[in-house]
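Heads up, the next two complexes both have chain A, just with different partners, chain B and then chain C.
Up next, the complex of A and B:
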């Protein structure tokens, strides 16, 4: 029993460490993103034109541009180190973007410039993946059901809107950053950036509708600094 | 009407006529298609361009629409649709190269020569080769991509396979399977379920190609041009690239089917009409209820 418990604990510890394996010891910046003002009401998406996707959803799917939670918390915000981040090779693992039931998973995908990007189609319908890059090159590729993942890489930092022209309600973002220290918030608005060596950092929060906000923070050791962001909700 | 005003009016009328003649010079007739090699559009231009000379030509011929800065914001832009190309993005519709890569020099020369049908971009074929090359070299100064990147490797177009009923039928299945009908419509009329909401990369409304209109394609007239269009896609528009999903000779099957949708006499349409006369009942309709035979 004792052995079993310690094995389980080990497994838990490994699991807990796994996501941050890329960033070893160091300081942490953590906090919450909230909004002030009245956010626009998101409308349910009508997928009637794509029956194979429409019947996969029992409750109406909402537009994910503005996702909020309790206490005015804000989701789909990219929080990242925009200046001062230690240089390093981009993560070896690919950032994956999935098309499932005519939705993008995730709605906002953060990746480091130069990191491999893998795009999958889990649907029974053809999609076209059309990232509307301006700094990087724009491309537009079809991906019928059952075709292998599309692989791509972006070399320059840019927030790239992504859309599917066949299914106009499908839109999302690729956040190509100069750092792997990033987190896209869930609807609880929480983020945590760990493994930061001592130094002065600029932390930026980006939201597709509510814009960006930056703050500075200094890390001296292995402490956890608290940094909250409050974005101003705009109607359009 | 004063003499001066009459004179201005007649000059204006002449200008309009010239533009119309320009635009129709190479119209696909109802009685056959120009085949590869017939026109001068794709003849190699081997001249070396001089950007400083090209700038003068550009200011004279192109800036009115494409703008002094090459950003597609010339003084005429607000009046015309589709909007002129923004050269600062180096994104081009008509390419022989994969989606997202720069076109070859010849790709752009071909576009300058043939113009873009159903737009305000006329054919510039009468310009001498040297002038076309000068213009090209100046257009390439608008985006830094031309310094840091090389054009993509052109998509290989294999020798055309024979036009047969079987080939057309296989192409028809591809039209269904790859869901071309979602935008281009079940009969190729450009009226599919996704057609109405389409926008280009600058958020301007855009229509899918209507095969039944009988006009040329934007990027050429031949079967090889048609093959190239769906393989490379038209960057900056909703038309995606299919080169990852359609391989080699398969592409010719789709070309042969697409030709049957056009109201022009082609080997494909003649064969298809004959076959349909006795076999129409065997076909399932194209569309959401699966149209493969």
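Up next, the complex of A and C:
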């Protein structure tokens, strides 16, 4: 009885501590992505031609290809396990990509190859979503206001630029990865990949303008390894 | 039956002419120095063709009416069909030539006369499905556009190369055409992809974009206004949504706007 209770408690504690419900207990890699050098100046987006979207933004929307925070932290970086990740079926939940107020939310969407992708249109205007895939099949689909979500799946890993054929400023990325161990950084640049069983891993950070960087890390138990990335920013 | 037809033709001709005479559907007020000339030309053409239209319809109605009242013999044009065709060709030819001669004066003011020397130069790019307008920035010089460097995701709509081209660094790109009032403006129009058209009814300006060509047009806006610019050349799926705004501002407001743009 006693043993059963402590096992149950342990399991509960593990569940509560695990940051991602998807992954079982294990080691964690955590860190921060920053940049050196001068990043380009992001410009505000003029949505005048689409009044329903322009009205929705009281503060001008900035181009999101370079998002930075305090202490040179870098957002919209995909940090993921590029080698050594434990194999497993892709997550059952769909990755959601939303078109809202003529912006892509999120700007960069990470998903595992084979995972279901759901694209929504929350605007009062039509969008034409066009992921410019090279390895996977390329398609573009119109999505008038009020249409049901578009469902798609990408089978091969690839970083796919996404654009809207109607609104030239709309631009984002699908990061189709071989793993579900991934995180897209916010403007604080921080990431955490948990639930890693013991083993040797390659962790890669990818940014749409500043390129990729990889580092290796070995997990022996349930420890938290710290791995920071410093990407080189270019102004132009 | 013939008399009914004659009556219908008469009514249709007179009602059509009446709609134009009472200006039921007319152009919006113009905001351009050339507005008077262009509208004058339109009215002249309208009168010229309108008189002929009404006269032809009434003649048709008269002949139909007459032909039903008696068994009239079909009369032949003096000399037979050849002189008939020749006479008709000469009359129609004279009509078209006179329209061309009368219209050329206004047309040449728009398309043959160069822009004023002090014209504000704005580069216009049409692409599926938006217009973008480029101002040279504080240095007064445009950067050179490189089509291969066009990167809309990074707001590089014109394909500028700021890394190597210093003139490109301060170029101002706007999604609206903003101009000061009473200032001659020169637009150099080019297309990124397919054919488009720039139509600004209040400026009486309509000009096609032709891929591969840089087409200059010029105008001077005479009143503070905000109006729509639309694409009037079917350019693809999003054509219905291809539009922008023209904002004519006072000199002070324009300077303020330009300074704010340059600071971004």
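In this section, the second predicted complex is superposed on the first by the 217 of 236 C-alpha atoms of A that agree within 3 Å, B and C clash if a C-alpha of one lies under 4 Å from a C-alpha of the other, contacts with A are read in each partner's own complex, and residues count from 1 in each chain.
By definition in this document, contacts are C-beta pairs under 8 Å (C-beta built on N, C-alpha and C of every residue); 3 or more make two chains touch, one makes a residue touch a chain.
Note that the structure is a prediction, hence the values are computed from the model and not measured.
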item: Three-chain arrangement built on chain A, chain B and chain C clash or fit; value: clash
item: Partner chain in contact with A:45 - chain B first, chain C second, else both or neither; value: second
item: Greater residue coverage of chain A in the superposed arrangement, chain B or chain C; value: C
item: Touched partner set for A:209, first chain B, second chain C, both or neither; value: second
item: Which superposed partner A:165 touches (first chain B, second chain C, both, neither); value: both
item: Touching partner for A:65 - first (chain B), second (chain C), both, neither; value: second
item: Which of chain B and chain C A:126 touches, first, second, both or neither; value: both
item: Which of chain B and chain C A:134 touches, first, second, both or neither; value: first
item: Chain B versus chain C as contact partner of A:88, first or second or both or neither; value: neither
item: Touched partner set for A:147, first chain B, second chain C, both or neither; value: first
item: Colliding region between chain C and chain B, picked from 189-197, 225-233, 243-251 or 261-269 after the shared-chain fit; value: 189-197
item: Residues on chain A lying within both footprints (that of chain B and that of chain C); value: 49, 125-126, 128, 142, 165-168
item: Contact footprint of chain C on chain A as seen in their complex; value: 40-50, 63, 65, 125-126, 128, 142, 161, 163, 165-169, 171-172, 208-209, 235-236
item: In the complex with chain B, residue positions of chain A that touch it; value: 49, 51, 125-126, 128-130, 132, 134, 137-144, 147, 150, 165-168
item: In the complex with chain A, residue positions of chain B that touch it; value: 89-91, 98-101, 145, 149, 177-179, 182-183, 193-194, 197-198, 201, 233, 235-242, 244-245, 288
item: Contact footprint of chain A on chain C as seen in their complex; value: 127-131, 152-155, 157, 161-163, 173-176, 237-238, 241-245, 264
